[in-house]
Structures are given as structure tokens and as C-alpha cells.
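So that you can tell them apart, the chains are marked A, B, C, D and E in the order they are listed, and the count of residues begins at 1 in each.
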Amino acid sequence: MPKEGKNITENVNTPPGTATHVGDKKMENAKLTYTKYNKEKIDRKNIKDIDEFINDQETDKVKWLNITGLQNTELIENLCQALDIHPLVIEDIVNTGQAAKYEDYEQYLFLNTKSIVFNKEDELDTEQISFLLFKDQLISFQESESSIFSPLNKRLAEGTYIRKNKADDLLYGLLDTVVDHYFIVMEKIGDEIDLVEDELLSDPNKDVLHKIYTLKRELIFIQNTLWPMRNVLNTLSRNESDLIDERTNRYFQDVYDHAIQMIDLTETYRDISSGMLDTYLSSISNKTNDVMKILTIYSTIFIPLSFLAGVYGMNFKYFPELNWKYSYPVFWLVSIFITIMMIRFFKKKDWL
Amino acid sequence: MPKEGKNITENVNTPPGTATHVGDKKMENAKLTYTKYNKEKIDRKNIKDIDEFINDQETDKVKWLNITGLQNTELIENLCQALDIHPLVIEDIVNTGQAAKYEDYEQYLFLNTKSIVFNKEDELDTEQISFLLFKDQLISFQESESSIFSPLNKRLAEGTYIRKNKADDLLYGLLDTVVDHYFIVMEKIGDEIDLVEDELLSDPNKDVLHKIYTLKRELIFIQNTLWPMRNVLNTLSRNESDLIDERTNRYFQDVYDHAIQMIDLTETYRDISSGMLDTYLSSISNKTNDVMKILTIYSTIFIPLSFLAGVYGMNFKYFPELNWKYSYPVFWLVSIFITIMMIRFFKKKDWL
Amino acid sequence: MPKEGKNITENVNTPPGTATHVGDKKMENAKLTYTKYNKEKIDRKNIKDIDEFINDQETDKVKWLNITGLQNTELIENLCQALDIHPLVIEDIVNTGQAAKYEDYEQYLFLNTKSIVFNKEDELDTEQISFLLFKDQLISFQESESSIFSPLNKRLAEGTYIRKNKADDLLYGLLDTVVDHYFIVMEKIGDEIDLVEDELLSDPNKDVLHKIYTLKRELIFIQNTLWPMRNVLNTLSRNESDLIDERTNRYFQDVYDHAIQMIDLTETYRDISSGMLDTYLSSISNKTNDVMKILTIYSTIFIPLSFLAGVYGMNFKYFPELNWKYSYPVFWLVSIFITIMMIRFFKKKDWL
Amino acid sequence: MPKEGKNITENVNTPPGTATHVGDKKMENAKLTYTKYNKEKIDRKNIKDIDEFINDQETDKVKWLNITGLQNTELIENLCQALDIHPLVIEDIVNTGQAAKYEDYEQYLFLNTKSIVFNKEDELDTEQISFLLFKDQLISFQESESSIFSPLNKRLAEGTYIRKNKADDLLYGLLDTVVDHYFIVMEKIGDEIDLVEDELLSDPNKDVLHKIYTLKRELIFIQNTLWPMRNVLNTLSRNESDLIDERTNRYFQDVYDHAIQMIDLTETYRDISSGMLDTYLSSISNKTNDVMKILTIYSTIFIPLSFLAGVYGMNFKYFPELNWKYSYPVFWLVSIFITIMMIRFFKKKDWL
Amino acid sequence: MPKEGKNITENVNTPPGTATHVGDKKMENAKLTYTKYNKEKIDRKNIKDIDEFINDQETDKVKWLNITGLQNTELIENLCQALDIHPLVIEDIVNTGQAAKYEDYEQYLFLNTKSIVFNKEDELDTEQISFLLFKDQLISFQESESSIFSPLNKRLAEGTYIRKNKADDLLYGLLDTVVDHYFIVMEKIGDEIDLVEDELLSDPNKDVLHKIYTLKRELIFIQNTLWPMRNVLNTLSRNESDLIDERTNRYFQDVYDHAIQMIDLTETYRDISSGMLDTYLSSISNKTNDVMKILTIYSTIFIPLSFLAGVYGMNFKYFPELNWKYSYPVFWLVSIFITIMMIRFFKKKDWL
């Protein structure tokens, strides 16, 4: 089952701007990766001290700081306060329980997004990925180490097209990666639907019910995650902030298209799951009906015959049939006749 | 079961502005707590006479009057009339049956909000909390004594950040506390859903049905309470009243975010509950089907055997088989053969 | 069952403005009550001739004409034509089949509203109450005599606050009375829901089904009546007509709030009713399952035993067991053993 | 069953403006009725040649040409081309498969409306009625001969009020007639619902299921027909075309009100039908449960008794009870005791 | 079952503008058909080299390049780059997994549309058809060879009306053809619904369930395909691009009308399918009930009779009835009496 509404009370009744980490404890220490690049050169290293990033005076490069691990709230608070980030934003960065959001603080944009993954227990879970976009800086915050940004890091290293552009284009690249991840989850769910559908139409057993139920839960979870993502991407593609180049808007529109495609697919899958449940319910009713028919056929054929046998098992002293010579073969003829009539009746009723 | 639509006729056919208390009788006497503070100093006391608040001429402090208990309508009327509050507002303060609302009367803002609690009978119930916000005064009205504002009182006493700000920030603090309370209720319901879900998938008995039904009722109740709250908070975060500082809007936006998160969670939980009910219904059908199968298997095996035994229990005088030497063992062989054929048949039908 | 879509063809294929009474025939003769008042004085009498109202030249008083009974269409037509009312309005006044509506004809406002009542057969029915508001005149049209306006008449007579104001305030008072009436119906339905809910959870019999069905029908009926009412009241509270004082808008807003409260309650009750029906369906399935279990337990225990008894009732000549000394007590031991095994099996299956 | 989506491929892959008749073949030849009138005079005749209408130079009269029968597409094309009608409009006039629509071509308005009828096979079907409104001309196109316009023709002949007005008022009169026709259909369906409801609550048999299904189909059909009609009428009532007098808008608003009333009634009837289906399903479950109970009561009483009789029918040589003197009456006493215990058990279970 | 969400991961984690073909592999090589025409002349040929199209300097003709087969992405990339098409558009042309869309790039319009077909396995599938519209050029991209554009090619060849117009009118012609194709699919589904409905009401077997399920899946698929098409066509009919003549808008409006008609029909068919499923479920319950009745009637008649026969088959020594002279005929009389009473009981219960 997907994880919904977990740890929601951790940040309750605290003053505004309290940076309490809300969510699963995934990484105790934060990992800071600092990447600087321009068309000519790319430089990538792990740093220990945030000052290395804050005090970097170089101006002709895109500077990307990726922070993995949200439990070290002190480090994140220090970084954000040094950059004059609104306390409520700091609170949101470390609170993994809320929906995706977009906030424009003029000096910077704050984006909270959700990646979707199957965790170790094969449950659907979200990974929160937040972004702070400045003129030529981008800071990204991830809950835990994952390979989600590897393809983009590879593209950066290979010096393709992407290094010519600004921080807003890097943000696009990262968001594209996040949304592309949904395709992978959706394909897995699509495959599961195909399997369950086959099982449903060939052999509808109890496992099918459990599987349909799990699918429905997962689809509700994905839909609830995607809708706020959709709004964030829509806002970005219509963005008028100075921090985002007009030319980049079309690219955000493209990511938005993909989010829409996922939402449509989720709705379709939900419709299909509901259809499967209805069909499952009908199948059980059908099966019960079949079982009933067999029982009824057997009973209605043998009950009168047994009664007849019972009659001639009675011990009355004055009982003419008992002494007739052909009683026994006549009994069998009568039994066969009754059986044939019954079978005809059931054939007419279309039960056989 | 949650309490819905209770005491709704108490205020019927009265003239406009009639301050009739509508709701459960919780506190006969009102309790007035008067808190005054600025950055330097905080002063907190229980008062008996509203004049102590009305006639207070001090101007450099935030003045917060908290009234607990709505049955003493006379006191509330006197207070409000002294402050020139619209009669319809007075009526709304003591009428706990209506939804949350926001009204701007220029000189003051009127806010009616709902906190949600499990009452003594473990039923969900709302507690109405109303606010009148003036330039540097805030009056809050609660239905009954609760610890809901304790964390905030503690923060005020400790002289944190909050004491630097105005009455609008105090209002934010109180509203944040009210909304945070929903998280606690929602977590409890989330836990209940997990329990019922486990029970449903392992052992779906009649209690599960009752529990699902109660969950659905509670979620309808929460959703109906939250939607108007959401609208109130949305209006506040877009507020243009002079009584609210522009800077505070972002904070109301944060509370609004939390309300949205609760609404989303409520909808998710409703979807899950509906799924559980469908699954429950399918389980019962499944179980009936299983019971039917056992009955049918037994009957279809033994009915023909019993008939056969009945046949050889008949007392016909001319009955050749009765006198054959191996009739009895042959009878058993035939019985065993029929049983095996039947079992094969059911194996083929996948019932065994 | 509520009365829906009755007599809808009575006004078909007539020219526009044909004043055909559409609805139940409730009162053959109209009753005209004429009330005049100002702060100082109130005058109330039944009149026979509409000229008494039309030709009244007094200007410093609010003039309210209440007409009860819509079957005397001639009288209503004469009155309206004398006041230069649009023919389509006249048609609407006597046609009780349509939804509530608001129309601004500049010289006057036309309001068509619906009160809701349980009629003599305890069926939900609407009573149409129309209003024509002029500068200092108000004409109200009721389908039949009811006590709905008594509280207001009493307040007018007692010379309270209300007499200081104009005709628009009188309209507010009457509308408030009409909407307040819904509370009474809703409380009755809320009580019925509580009763049915108790019955459902303790002893779900066939009556419950009928009651749930009736509740659902009634709630559909109320919702369909309330939605247009809500629109009428919303329009009034945002009104910019010269006939309504700005100050009165807040009062209409208050009535609108109450209508919203009723609509929310109706939706909640509909959700609850649907939940009750699902629960009822599940209960029957549960009961069928229980019945099946008892039958199956009995059958599976006794069928093999009966077979055994049948076997030893066979009349074979060569039948060794019949002559053994301990056959009979062994038969009982075997029977008891089978019974115990079966009971264990059912215990394991959790049926006992 | 209503006729939906019939003959929809007849006009596929043809060039735009191809006047292919799409729909049931109802009338091979068209019938042209030409009516001219003003306040003083009315003239009405069947014509053969469209030139009689086109070349009519008289200017002080309203000219109404009604064409019945859409299969003679050549005639319709000639007429429309002579009046310079857009080819796509001509296509729409003879294509009866599309929804109602409104199109403003400045020189003329094109209106496509749908009347609803029970056809000869008692299936719901639509009749398309199109209008071309010019300054003082109106052309109407009907699929087949019907009496739908008779009341209006009568009113025209009688020289009432209507003859004083222009072509737009004639259009209003015809549309009012078309919409009034829905009331007749809806009343028939309302009566059917009452009948089915009675049957459902007294004796829910299989016919009821079929009837509910048919009702639901018919209501879907009506709703789908009415929604576009509603939009057409709404556009008309807000019309700003020079072809329609401002004064007439209120009259179109009145027709629009009636359409809304029908739509509301249709939604109500759909809700009721759904409720009836749920109730029907519950009734069957109830009945199955009742049948099961009877079977179970019988079986559980007689199965142990039959076993006992079987026991004493065994032929063991050493069988003490067989020789006791009071065995037989004791057997009956035991049987009666068992029966009483069983009946008590079922009474306790509330099955009897 | 229709094909939904297939191959959705093929384009994941690639840089923006990567022209990866996403979809079924249908044609390895692309086929280029180049058509040039004006009022006087039409010229149509297959070309191998895109330069033949790009370098064509003729200006007084409409130039239409139709490319069939999307797997040769290199060719498509070269063509698009030569015409300065945005990389994201190129990506969309070869990605068949997304919904229909409309994008205005000022120099050209990009349209992505979906045709719907039953593929070789009789599964519903979409065929993507994209368009690039320039001032007097149109490029169309199809997934595979189909006869969809044949009627239009024929009309062009025959030199009708269409050759007088510009590229925007050609686009209209092609879109009209695409939308007309939906009618054919919908008619097939309509026929299937009629068949299933007949089967459902006459003989509801398991196949019906499967068929209803497939219908529902197909209708979900069609609806999801049509909604974005509807938006594309709506945008076109309101278009203000210089590339589309104002006069053509009405024609796009006509195609839009047809799309709306299809959407309405799809919704109607979905409603009908849901109704059929409910009815199917009710039928099974009905049938189970009938089977139960027969079993119960048989059992309740014969069980007491068999018991009686068992009683007189007991071997008690002291058993008075056994020796009475008329015991046996009395036994039959009693049996007949019991049978008659039972039948009466069932007649009263309305089971016979």
C-alpha cells in the first residue's frame, strides 16, 4: 500500500518557520555536491562547508548546489539564512509531507516537487525534491541518495548543448528528469493492470481482488501527487519572472505536457480499475450461480428418487407392490424416466 | 458517529440579530482572559467585567481578549454593542451551527472558524472559535475550555519573535493553532484506516463494516467542516484590509496550504474508504461462494450414494441383487468409484 | 414520496402570459390581507376588493398586501394589470410548477420562492410564495393558508425594530421566515436519519430499505428546491436595484448563509443515505452468508451419517457387519467421531 | 429503447456543404406551407414552387414558410442558394443527427432545434426542426408531418395578440411550442416512474428491472437532447442581433426557464431511477435471503430426524432399542423435542 | 482491449528535442508524396529527396507534402531543421504517445491529431497524424499507410471547389476526414451496444459481461482521445493566426461540431454501458434467486415425505401402524396432502 498522510503531526504547534524535518528518516548526514559550469568548462566536487558555495565570487558560470539528506536541518537553516530565504520556505524544504508548490519571492523562486518511487517494501512513496532558483545559481534539496539526476549529470559532463544555457535551463533539465520518472512508475502499473486483467477474465480468484484494491490505492496516490505538480509546471510555463528566460517557457510547457499525459493515464487507469472491480463482483455472482445450479440439479433429480426408494423400504404388513413380480425393474424404469424428465427440464431452462 | 445538523431549529423565527445560543450547552458562565503585550512586556489576567477591556486606554500594546463559553449571551451582546458590532455578527458568534465564514466590516474583521475534536463519547464534533480583529485588538470566542491555545500562550510568555508583531500576527498564530489541530485528528483517522484495512484483508467480519461506515461518516463531517475553513483562509491570504499587514498575508497563505493538505488527505481517505467498502462486499460474496462450494461438494457426493443405499433397503420380494454373494462389497466399490469421479469433477472445476 | 413534476402539462400550448393556475387545487377563493404600518402605527385588515389597495393614496407607510390562494386567476390578473406587471410574471405567479426565480423589472422586483412542507399525507411538498416589491409596497402570493408568516405578523404588531424600516426590510423578514422553515423540515429528516441509522446497525430489515429510499427521494427533492432559492438569495444580497437599500443587503446575505447551510446539510444527508444503502446491502449479504453457513454445517454433518445409516439398512443377504455383536455401538462411535471432526473443521474455518 | 447515434456515417467523407439527408426516411416529398399575415389579415396556402415565396414583394407582412420533409434535398438547396445561405447551414438543415445549435450569420439567424416524441414503436425519438430567421421572414424545416404547430396556427388564425408582432415573435411562438412538447413527454415518464416505483415497493419482479433500464435510457436520451436546446435558448434570450427585438428577449428567457425546468426534472428522474435500481438489487438480495431461510429451516429440522429414522431402519442383529416396548413413541417424542428446539433457535435468530 | 499507455518510457531521460520514435514499429521506410495544385492544375508524385520539396520555388500553388512512416527520424529531422522547426516540435512529431495538441509558432502552426482505428487484432488503436501549416505549404505526417486521405485526394484530382482555396482549406479538408473517421468507429460501437443490449435482456450469460467490459474500455479510450482533439479544433475555429483565413474558421467550427457530437455520443454510450453492467448484475442475482426457489420447493416438499417414509422403514418390534391394514394408502394420502399444502404455500409466496 502507498504511504499516505504519514508523520503529519511532527510539525504541529511550532512557531512559523520552525525547520523541523517531517518525513521518513532516510539519511542522517547531508551530502553537498557543488557543480559549476559554462560552455567551456565543468567543475564538480563534494563540499563539506556551505561557505565554499556562498562565498564563491565567480560570475560567468552556472552554480548548482545539490543537497542530499534533509535531516541535518541546522545546515539547511544556515545556508538559507545566509541567502536570506523566507523562514516559511525553510520550513517547507524540510517538511516532506506537503504537496508540490511554486512560490515567487522575486529574488528567488521556490519550487517544491515530488518524485515518485517504489520503496524497498515495494510500496509507492514520494521523494521530495525542492529547488531554489537564483539568477545564476540553483540549489536542489533531495530526501535521499538516488540515481534520478545521473542522466543529466552525464549530459552536463559530456558538454552537450545544455552547458550553453543558464540556471533556468538547468532547472528545466532537472524537472524534466523528475517528471520522466513518473513514466517508469506508470509503465510498471500499466503492466500490472494487463496482468490483473488477464487473471480477471481467465480465473478471477481472491488474489485478484487484493491486487485491484492495491492498484486503486496506488492510482489515488499518484493522482494526488501529480495534480499539484501539474499546477507548478503550468505556472512555470506561463512564468513572467526575470529569473526565467522567455525562451525556456516552451520547455517548461513540454514538461507540463508530459505531466498532463501522466494525469490522463492515471484517470484512465482508475476507470479501468473500477471496471475491473465491477467485473470481479459480477464474476463471483456468476460463480455462485453456477455452484447453485449444480447443487439444484443433483438435488432435484435424486430427492424424488430417494423418496421412492424410502417408500419401498417401509415395513408395512399390507403393502401390495412389495409382492409384485416386476416391482424392482419397474422402480428402475420409473427412476430413469424421472431423471430424463428432469434433465429435459434443466435443458429447457438452459442450465445444462 | 459525528454530530451533524444538531439544534438547528433553536434560532428559527427570531428577529435578525437575536443572540440565541445555538449548540451544545457546554459552559454556563463565560471566562474572560485578557492578555496585553508588546516587545518588552506581557500582562495576562482573568477579568470579570468587560469594561476593564473596553476602557483600557493603553495604545502601544496588542490587546487580546479571549472569551470562553457562549451561553452567557448577555455578556457577549453587551461587549459587542459597546464596540459597535453589527447585530448579525453577534448572532453568528453565539450560533455554533453554521459553517466557517469571513466578513469584512471595515472597522473590524469577523472570522468564524471551526476546530475539530473527538468529544467525550468519542464522537467527532466541532468547536466554534470566532474572532473579531481590530487595529490593535483581538477578541476570540470559544465554546468551551480547551488547551488548544496553550502552545501559543507559552510562546507569548517566552517572549519570542511573536511579541514584536501586531494583532494580525496574533490572529495568524491562533488560526495556525486551530488548523494544526486538524492534523492530530487526521492522523488518528489515518491510523484507524490502517487498522481497518489490515482487518479487511485478513479477516473481513461484520465489525469491519461498521467501522468503515463510521469512518465514512467522519470523513464527510471533516470535509464539510474544512471546505468553508479553506475559503476563509484563502480570503485572508489575499486580504487587502488595512487591518492586516501585507507581510502577514504570506503567513495566512501558509495556514491555507495546511488546510489544503488536510482537504486532499480527506478526499484520499474517502476514496480509500469507498474502496474498502467495495472490497468488503466482494469478500462476503467470495465467502458465500466458498460456503456454497462445500455444501455442493458434500451433497453431490453423498446424494447418489444415499439413493443407492436406499434402493437396496427396499423390501421387494423379487429383488435379485439382494441374494447375490458379492452385492455388499460391490456396493462399496461402486460408492468409492462415484466418489472418485465426483472429486475429479470438482478438481477440474477448480473447487478443490 | 415527495411530489415531483406534477401537473406540468396544464399550461402547455397556451399563448404567453396566460394566467392558468398550475398546481394542486388548494383554495377556491383568494383571501386578501392588507397591512399598513409605520413606526407609529400599524393597521391590518382583510379586504375584498383590490381597489382598496390600489387606490390607497397614503405615502408615509409600508403597504403589504398578502394574497392567499392562486386559483382565482382573474383577481390576480386584474391586480397585476392595474399595477402594469409584465404578463409573463402574472403567468409565473399562478404557475406553481417552476423553480424559484428573481427578475428585475426596474419599477418592481419579482421573486418566486418555495417553502417546503410535509403535507397531510406526510409527503414532502413545496408551497410557492411569490413577491412583488415596489418602492413602498410589497405584494405576496401564497398557495394556501399556512401559519408561516405568523411570527412576523406578531413582531410587526409588537412594534419592534422592524416597523422603522421600509418595504425591502419587510421582504427580508418574510424571506427569512421562508428559509427558517427549511430548518424545521431538515431537523425532522435529521431525526429520521438517526432512527434509520440505529435500525440499520442493530436490525437491518426490509423496512429500513424502504425508509432509506424515501429519505433519498426527499433529499433529492429538497436539494432541487433549495438550489434555485440559493441563487435568488445570492442575487438579492448583491443587489443594486434602487428598490433595495444597501444596508439591507447584509441581511439578505444572512438569509443566503442559512440557505447555504441547508444545502450543505442536504448534501451531507445524501452522502449519509448512500452510505446507509451500501451498508444495508452489505448486511443482507452478510445475513445470507450466515444462513448458508448454518445450512452447510447441518448438511455436512448429517449427510454422511445418514448415508451410513442407509448402508446398514440395506437388505443384502450376505452382509457381515449386520451380524457382528458390536456393530451398533461402533456405528454410534463412528458417527460421533465424524461429527467431532466436522465441528473441528468448521471451527478452523471460523464458522462456529 | 430510444434511438441514439443512428445513421451517423451517411454524411462521412463528403465535401463541405454536401446536402445529404441524414436520418430516418420519413417523407419522400416535401410539403410547403406559406403563411403571410399582419394585424389586419392572414393568408395561408400550400405552394408547389419556392419562387412563389422568394419572389413575393409584399413588405408589410410577416412571411412564414414551413417546409415538411427533408428528403427532397434539391428543393432545400435551391431555396437556400436563392437566399444566399451558407453551404454548411444547408448541410445542417438536412442532417438530423446533430445536436441543437444557434448560428448568427448577420443577414439571418440559423437555429437547429429538437422536438422529442414517442414514435410508432413507442421508442423515444427526436424530430429536428430548423429555423432561418430574416428581418420579416421565417422559414421552418420539419422532418415529418406532425401536429406540433397546430395550436399556434389556430392562434394566428384567431387573430390574437400575436399577429401584431414581427417574425421574431413568431419564432418565439414556435420555439415555445417545441419546448412545451417536452412537458408532455416528461409527464408520461413521470407517470411511468410512479408506476414502476409502486411495483418496485410491492412486487419487485424481472419486468421492473427492464422498465427501470428503459427509463434510464430514455432519460439519458432526453438530457442529451435538452442540454444543447438549453444553450440555444440561453443565447437567444441574451441576443443582440438586429433581427430580434429587445422586447422579445424576455419571452425567449421564459422559454429558456421552461427548458431549465425540464432539465432539472430529468436530473431528478435520473437520480430517482438510480435509487430504484439500487433498491431493486437490494430487494432481490432480500428475497434470496428469505428463500434461503425457508430451505435452511426445513433442512435443519428434518435432517436430524431423518437420520434418526435411518438409524432405527438399520438391520443390525444386535440392536437393543428395536426390541424395547416404547421405542416408537419415544422416537416421536424425541422428534417433537428436536423440532421445538429448532423452532426456538430460529425464533431467537429472528427468522420466524 | 484498446492499447493504452504503451511504450511510454521510450523517450525518458533524453535531452529535449531528441527525435526518438515512440510507438509501434509500423513502417521502416518513410514514403513521401508531394502534391502541388492550383485552380488550373494538379501535380502529384512520390519523391525520394526532401530537397525536391524544400527547394521548390513555385509560388502560385498550394504545396502539400505527405510523409507516411515515422521511424525514419533522420529524414524528418533533416526536413524540419531545413524549415527551422522548433526541436520540441520535431520530438512531438515522432512521439505517438501524447495527446492531440495545437501550437502556434507564428511562422507555422503545429497540429498533432489522432485518428482512431481498429487494428489487425481488432483492438482500438490511435494513428497519429501531425500537420505543419505554412503560408502556402502543408506538411502532414502519418504513422502508417492508410486509405484515410483517399476521398480527399479524389476530390482534389476531380478539380472541385477545393482547388480554388489555400493551404488552410486543405488542412480543413484533411482534419474533416480525420474526424469523419470517428463516425465509422462510433457506428460500429453503437451496433455492438445494440447487440449486447439484446443479449443482455434475452439471455444474460458470461460473454455479455466480457463484452460490456470491453465496450467500457473502448469508450474510455475514445473519450480520452477525443477530448484533446476537441480542444485543438476549438482553438482552430477561434484562430487569429495570419496563416488561417477568417472565412475558414466557420469550416473548422463545423469539424468542431462533429467532434462535439462524437464526445456526446461517447458519454451517452458510457452511461448506457454502466446501465448494462448494473442490469447484468441484477440479472445474475435474479437467476440465483430462481435457482434457489426451485431447490427450496423440491426440498421442502420431499424432505418431510422422505422423513415419513424413513419412519415407517424403522425396524421397531412394537410398531402399531405397520400392522394396520390401510397404512400404506393412508401414507400416500398424507403425502399428497402435504404436497398440496406446500404448493399452496409457494403459490401464496408467489414462487410458482
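Everything below uses one rule, namely that contacts are C-beta pairs under 8 Å (C-beta built on N, C-alpha and C of every residue); 3 or more make two chains touch, one makes a residue touch a chain.
All values reported here derive from a predicted model rather than from experimental measurement.
Trainee: With chain D excluded and the rest untouched, write the groups of chains still joined, or say one piece.
Mentor: Once chain D drops out of the picture, we keep one piece.
Trainee: Would the interface of chain A with chain E count as same or different, where same needs over half of all numbers used to appear in both copies?
Mentor: Different: fewer than half of the residue numbers at the chain A-chain E interface appear in both copies.
Trainee: Through what angle, between 0 and 180°, must chain A be rotated so its C-alpha atoms fit those of chain B, rounded to a multiple of 5?
Mentor: 70
Trainee: Centre to centre, by mean C-alpha position, how many angstrom separate chain B and chain D?
Mentor: Each chain's C-alpha centroid was found; their separation is 42 Å.
Trainee: With chain centres defined as C-alpha means, what is the inter-centre distance between chain C and chain D in Å?
Mentor: 26
Trainee: Mind pulling the chain E residues that touch 2 or more other chains?
Mentor: Where chain E meets two or more other chains at a single residue, that happens at 281, 285, 288, 292, 295, 299, 303, 306, 310, 313-315, 319.
Trainee: Work through the pairs of chains, note which ones touch, and then classify the graph as line, ring, star, complete or other.
Mentor: Drawn as a graph, the chains make one closed cycle, so a ring.
Trainee: Show which residues of chain C lie in contact with chain B when the two form their complex.
Mentor: It is residues 151-152, 155, 160-162, 172-173, 176-177, 180-181, 183-184, 186-187, 190, 197, 201, 250-251, 254, 257-258, 260-261, 264-265, 267-269, 271-272, 275, 278-279, 281-283, 285-286, 288-289, 292-293, 295-296, 299-300, 303-304, 306-307, 310-311, 313-320, 350-351 of chain C that touch chain B.
Trainee: Please name which positions on chain A make contact with chain B in the complex.
Mentor: Against chain B, the touching part of chain A is residues 1, 4-6, 8-9, 12-13, 15-16, 86, 88, 91, 97-99, 101, 203, 206, 209-210, 213, 216-217, 220-221, 224, 277, 280-281, 284-285, 287-288, 291-292, 294-295, 298-299, 302-303, 305-306, 309-310, 312-315, 319, 321-328, 331.
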